[in-house]
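A, B and C are the chain letters, set down in written order, and residue numbers restart from 1 in every chain.
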Amino acid sequence: MPRALSDALLAAALTAVLLTPIFGLHIRVDGVNVSLNRTPMPVIVAVVIVFLLRLFQQPLQRLWAKLRAPASWRENALTAALGQTVQQPRYRLALWLLLLAAAMIWPFTASRGAVDVMTLALIYVMLGLGLNIVVGFAGLLVLGYAAFYAVGAYTYAYLAQQYGLSFWWGLPLAGGLAALTGFLLGLPVLRLRGDYLAIVTLGFGEITRLLLNNLNSLTGGPDGIGNIPRPTLFGLEFNRVASEDGTAFHEFFGLDYSGNHGVIFMYLLGLALVLATLFVINRLLRMPLGRAWEALREDETACRSLGLNPTVIKLSALTLSAAFAGFAGAFFAARQGYINPESFTFIESAMVLAIVVLGGMGSQLGVMLAAVAITVLPELAREFNEYRMLAFGLVMVLMMMWRPQGLIPASRPPQKLPEHAEATQ
Amino acid sequence: MSGFSFLEFLQQIINGLTLGSIYALIAIGYTMVYGIIGMINFAHGEIYMIGAYVGLMVITGLGLFGVHSITAILLVTLAISILVTGSYGWTVERLAYRPLRGSPRLVPLISAIGVSIFLQNYVQIGQGARDVSMQPVLTGGWRFGPEGGFQVYVSYMQVLIAVITVAFMSGLTLFIGRSRMGRACRACSEDRGMANLLGIDTDRVIALTFVLGAALAAVAGVLVSMYYGLVNPFIGFIAGLKAFTAAVLGGIGSIPGAMLGGVVLGLAESFASAYLQTEYKDVVAFALLILVLLVRPTGLLGRPDVEKV
Amino acid sequence: MKTFSRHVLSAAVTTIILGLGSAAHAAEDTIKIALAGPTTGPVAQYGDMQMMGAKMAVEQINAKGGVNGKKLEAVVMDDACEPKQAVAVANQIVNQKIKFVIGHLCSGSTQPASKLYEDEGIFMITPAATNPAITQQKYKMVFRTIGTDDQQGPTAGRYIANKVKPKKLAIIHDKQQYGEGIAKEVDKTVKAAGITPVLFEGINKGQTDFSALITKMKKDGVDFVYYGGYHPELGLLLRQSREQGFDAKYMGPEGVGNKDISAIAGPASEGLLVTLPADFSADPANAELVKAFKAKNEDPTGPFVMPAYAGVQIIADSIKATKTEDAVKIADYVRKNSFQTPIGKVAFKENGDLKEFEFVVFNWHADATKTPVK
């Protein structure tokens, strides 16, 4: 008991030290006078709670263990059967198709705000899948992914503003230019190892953002670029009033104008882009190039000794990854209609990285789920204002503790050697 | 830009050194943690921010009690601030990083980003998003140069920053180099597994590293609140990014490297602002980082990366 | 077990997404006004001014019995001044069928959001976004109760050129839309008057050390500095200038005209020149209102408090006068009529800008008070 008591006292003292300057004292600046307000209540309450919890930690833990005892519910027969069913390729395909169908029908039943938030989530899905190539598959830590995203967004915005280029021309060009940026950055820096690569990409991300803010004649500086046209559906526009030589979607089909058409169209377009991204990445993963990425992640030395050129492999991963960021950027610019450098800060890179890690590195389904969760959760809690970001940070920490391998860890069925290979031994 | 002036150049060096000292103090925290557990502690900037808040609070409080002796203010403020941020450093490590020991490299990094977001908003809830500020406690300085022309100005505060930085850095170097605990730290950064086998309580060493890093961040925080007198919940992010850059520039994992990196970064920013445009100073800082890493992939004073198999 | 948690998760996410849709409230016996602006993030303190002013207006109007028998209801929507979140907020507003918006605060988030409001027929009035581009789109639904950068910049520029006549002028800005926009307008005006600034450059937002820049200006013999931006950076600039013995006079826009500047710069803020909307809280007509703010321990002197109050009042008055809640009709009415508000008698131009919004040059004092310059 004395041991528990001293522990509890220590914990209580620590709590007091931690909380007093933040919640117990409040700096008040009123005109030129600075004063300190004392608000001891929250601190006292917290200290008492910590003290009691710590004092009765052992009994509480025992109680908890008792409550948790019937834990076998997780492993019941039903879920096991379900699990096995899902594992079969045939059902797996069916499940994917079902999900896809749901994703396509959903926007017609949901509210506009929800569809719009999901569109944003789809952008993050694209970014997550793209970054997953370098971080998840090739095992390279990139902390400046927002730079490629920005290059894509600005390419489309600039071309649309200066040359009136449509989204369908802007999209490939944005991807292309972002890929080129990735390639040019990769050439000199990819020989750096591990965390140094991370720092250089971080620096590159910051430089890109600062240049976007400083090169006023090209990027509009802090004013950004506005009036970026939305994509059209075979030339049909989603505006209330069509431009001079265009036709509006609702006029063509004789519908009443509704902003929802445009929002749903953006969502479906985003969905199509995500599917295209998934398709391309999955094909690549089954090609020698994709295998080489993963081999490189597992063991660079072994790769080298097998005659694979690590620089080329890394470069291909970074270039491709940048290309997808470019596509996502162009789509983002089209959704916003207005971009400025504020949208491409370090936090953006960190968020995408968090998506990849939270989802489970290398796991595409996990990354997609995490992207949706990270976009949708803060949106749901919009009324809670500052508590929302507090909880968000906390969730990130807790997730890393409970599921460090991510929501859905990447799993790959082990490659079995052919039967006869074993027989010959 | 009308010609080159030696006195201006000298003044810019002084400006750069002051700024560099602050970066160096914060950079130590990054470099020590990285040296021992190989993790980028993104929440370190937030610890510095808390240190600055505490500094401002204590100085204001002392002012209300009528304490005006600069030595007393400095000692009390540093002591309290170090106590608080040290506790934060320890708690953050204990709650958010220790449970993740042994997981893949990126996991603690994400946790650190989470802690950083958490602390930023936590302070915002407690203290509000508004800037809080206070008046300087130490004013005045020395002037050199021709009467009526450009005079070089060294404020007492700048000298104080330099002196305190040097004092704490030497203290730290002595501690790491001579004390028993310091030796354990060095052993851990060489090979943590081995150190553990040889009977060093590595968890304690890691906790100590966080506390020491946080303490130096607190020193930086107190100096900043005395020198600039402006604190808000978001100052940690920018300062953290810069200090981290400084740590890598000097060679991450190396304590003298962090000091050198801080000073080089401070000077680079100062010169960029003086002889180019101020809006390009951060571009110059990050470009310098990339260039140095391309030429010396482990930073200025970093040891060559030994490949672990 | 792995697959089980997978199912739980996907089920949870689906529920959450479906839940998003059904958030619309049933009760429609109030008139909702969305207050869109930052309550988190680095500019939250300006958002507080906006929310404070608008909420006070809602309270006072409700205390007098509301509008046409209905109460007003303020719905705070945080956009953190991020363009991306602003679009999400705008869609939420469309979603909740709110027809009136006070906001947004930052020009960068107002711009993308205003297009949505225009398309969806939602009445928007910003008390704070000053970038001229916002009202250059010929939108029908977008208004503002604050002057624009191209009104304020020339006022400052003319004052510098005609009254100050500095030998060496430097123009500094914070590389943000607001600060740089206004600095460019000042630059244009003084150049037209034959003064070429020796220095025109940006600093970085959040920068705390300006010693290098000050040394440079000191060496170049600058005797007057115009700063485009907000008060924290200027406060530090003033303080460090004084410290270094650089004694040029400074001038700034309404973004610096905040009591906090004296808290940061102390005695160095004495003699700073600021262009501000006339001080509404000093207007005797607003004495009651100022008392009401003080009673709630709130500071009514912030530049966006009264414009936000005026925004709500204009909406309420128009609903009363037209006896409709149709936002398009309200916009029409607002464009054609004038209103008596705490920021004076206001009327709007065709593009939604105020017909008249006067900026006055003030002399700032170290005790955070100000006097108009004669």
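We take it that contacts are C-beta pairs under 8 Å (C-beta built on N, C-alpha and C of every residue); 3 or more make two chains touch, one makes a residue touch a chain.
A quick note: this is a predicted structure, and the numbers were derived from the prediction, not measured.
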**Item:** Closest chain to the centre of mass proxy, which here is the mean CA position
**Value:** A
**Request:** Between B-C and A-C, name the chain pair that shares the greater number of C-beta pairs in contact.
**Result:** A-C
**Item:** Chain whose Cα centroid lies at the greatest distance from that of chain B
**Value:** C
**Complete:** Note: chain B sits from chain A at a C-alpha centroid distance in Å of 30
**Request:** Just give me the whole-number Å value for how far the CA centre of chain B lies from that of chain C.
**Result:** 35
**Message:** Between chain A and chain C, what distance separates the C-alpha centroids? Give it in angstrom.
**Reply:** 32
**Prompt:** Among the residues of chain A, which ones contact at least 2 other chains?
**Reply:** 29, 34, 210, 213-214, 386, 389
**Prompt:** Got the chain B residues that touch at least 2 other chains?
**Reply:** 121, 124, 128, 130-131, 133-135, 279, 282
**Prompt:** Which parts of chain C, given as residue numbers and ranges, touch two or more other chains?
**Reply:** 40, 44, 175, 202, 204, 260, 263, 266
**Residue ranges of chain B in contact with chain C within the complex** = 1-2, 5, 8, 11-12, 15-16, 18-19, 121, 124, 128-131, 133-136, 139, 141, 143, 150-151, 153, 155, 157, 224, 228-230, 232, 234-235, 237-238, 269-274, 277-279, 281-282
**Request:** Under the touch definition given earlier, write down the residues of chain B that touch chain A in their complex.
**Result:** 34, 38, 40, 42, 50, 53-54, 56-57, 60-61, 64, 83-84, 87-88, 91, 95-96, 99-100, 103-111, 113-128, 130-135, 241, 244-245, 248, 252, 279-280, 282-283, 286-287, 289-290, 293-294, 297-298, 305, 307, 309
**Contact set on chain C toward chain B in their complex** = 40-42, 44-45, 48, 172, 175, 201-204, 206-209, 211-213, 215-216, 218-220, 232, 235-236, 239-240, 243-245, 260, 263-264, 266
**Message:** Can you tell me which positions in chain A touch chain B when the two form their complex?
**Reply:** 14, 17-18, 21-23, 25-27, 29, 34-36, 135, 141, 188-189, 191-196, 198-200, 203-204, 206-207, 210-211, 213-214, 301, 346, 350, 353-354, 357-358, 361, 386-387, 389-390, 392-397, 400-401, 404
**Item:** Residues of chain C defined as touching chain A within the complex
**Value:** 1-4, 6-7, 9-10, 13, 16-24, 39-40, 44, 76-78, 81-84, 87-89, 91-92, 94-96, 108, 111-112, 115-116, 119-120, 131, 133, 137, 175-177, 180-181, 202, 204, 259-260, 262-263, 266, 299, 366-368
